[in-house]
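Everything below concerns the one structure shown next.
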């Protein structure tokens, strides 16, 4: 076979593959984006103690998340999006479109960053949902923590992981674990930021007055538990300037 | 720098390609009958890994991630070529393996004689493509870290294959039940070694 | 074989049935041919990802076999491997895109291992050994057979690891709470990576005890 045949063969092959792949990617992209958006919405709603399914996540999100807020490093609200009127009150960035991971990276690199927040309002319950993001044993862990109106007591929390060890670290996405966070406080009585962290061997190991800042760690999942504790402390720590305003 | 050293150590002992992710098992089992060949293949893997991971990192950073093409023109900010990652990575790996083979052949025939036969095998070694895919997923921050990761994961793989080859050379003289001979016992041995390597999880990095 | 005989050979003649049956046992890609273990073991901690992975590999092997078999007379021998890799990589990208669009949660768990199907040795092994020399229909059957041979090992591993390691199957609790209250506890070792290797070793042991012709000389 001649070289020109090989060249023609390769060229046709490359063009064909490129066309097939890019059209598949273009057709499937909206579905993929929708999946990502739905799983993000479910995470936020579950932190507010709701049980959305893949189908009703979008309407539920639009009903209960009244406002999306974006803050700057000084804790100023630079953008507020009102869900009911679907309009910006100030600014022009939706918190939902902010990628927390990228913003945390920008912060670590000393660049300017913004942070997302979600306001949940339901009859007599108002919660401030703060997304968190960190690293477990095998990969990323993430979640949302909902604070009550005193901006101190946790009203609900939910965590997720991609590939922690099943039965051990993977337990962080179970309700028994995240339900422990309800009623815990992130500030002490003097208003100092303490955070809430999983305690190896159980909360009982802490002195009486500290127990409000701890939950039971997962036995056998120490590294994931520690990663989760660091995640809450690190990310919530950045929001402190806004929470204490 | 500190972070790079951490990544290096972690990729050898904790995120070991064989013991934690089972990558490159095919050649690991096929070429581990003698220590000499295992060392040859191990070095070849380190060599290729330390080149392909950083090259794919650059490719990923300047071509594949969403908005990566802005360096050509700001209008391309919306282009997302991420779906091409697999095909680009494997193409880079295949061509680098070919290139390395030609360079070694030209400049060091002695090295070529000992490594040469393994190089073509490496293009389809899962550990190599796996290294590039992990690099993409773990989002290393700079070039130095990817070099550290490439070197570390290559060394980790080499360590594993040399260790199993040494054991298999000795085990030849043991009375192993017939059905377990060869493949079966190699799997179980690898499992036991993986348990030993799990104790490195306790290292605080 | 004369032309007449060929025409009479039905779609599921004994020869073709063997193409499916053999890879399930005496030519099993994992336990006998030692191909394709790479992408297999890391996803078997649970049944669901193991099943999706098995299905993806079967689809990719079967389609790649057919495509290469159709192209077999036109492929320039010098760029044969690159052509095979391109076909496989393109199919894997398609599978990955479909998984991301329709079973998003599983695709997150599979993470990089979908991509690693490309370097799964079963693929290149079957393309080189079978598809390059056979017609599309037998190539398709060969792909399905090898895919299934790979699948049952994966699914068996996922089954045991999830049931005894986590007490669940497909995410549903199987071992009742009363067992745990009576002192039963999950075997944590099974969900750690080493257990996958030891389980495969055990499967090989059982298989070779039953079929002594597979025993290695050393």
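The first chain written gets the first letter, and so on, giving A, B and C; residue counts start at 1 in each chain.
Here is the rule we go by: contacts are C-beta pairs under 8 Å (C-beta built on N, C-alpha and C of every residue); 3 or more make two chains touch, one makes a residue touch a chain.
Note that this is a predicted model, so its numbers are computed, not measured.
Taken as a contact graph, the chains are fully connected, with every chain touching every other chain. Of the two interfaces, B-C and A-B, the higher number of touching C-beta pairs belongs to B-C. A separation of 35 Å divides the Cα centre of chain A from that of chain C.
Chain B and chain C have CA centres that are 22 Å apart. Chain A and chain B have Cα centroids lying 32 Å from one another. Residues of chain A in contact with two or more other chains: 17, 21, 24-25, 139. Shown for chain B are the residues that touch two or more other chains, namely 83-84, 87, 137. Contact with two or more other chains is made by residues 82, 86, 90, 93, 97, 111, 192 of chain C. Remark: chain B residues 83-84, 87, 137, 141, 201 touch chain A in the complex.
Residues of chain A that touch chain B in their complex: 17, 21-22, 24-25, 105, 137, 139, 223. Per the touch definition, chain C reaches chain A in the complex via residues 45-46, 74-79, 82-83, 86, 90, 93-94, 97-98, 100-102, 104-105, 108-109, 111, 162, 165-167, 186, 188, 191-192.
Interface residues of chain B, counted against chain C in their complex, comprise 19-26, 29-30, 83-87, 89-91, 94, 123-130, 133-134, 136-137, 172, 177-188, 190-192, 194-195, 198.
Listing the residues of chain A that touch chain C in their complex gives 1, 5-6, 9-10, 13-14, 17, 20-21, 24-25, 28, 31-32, 35-36, 39, 139, 162-163, 165-168, 220.
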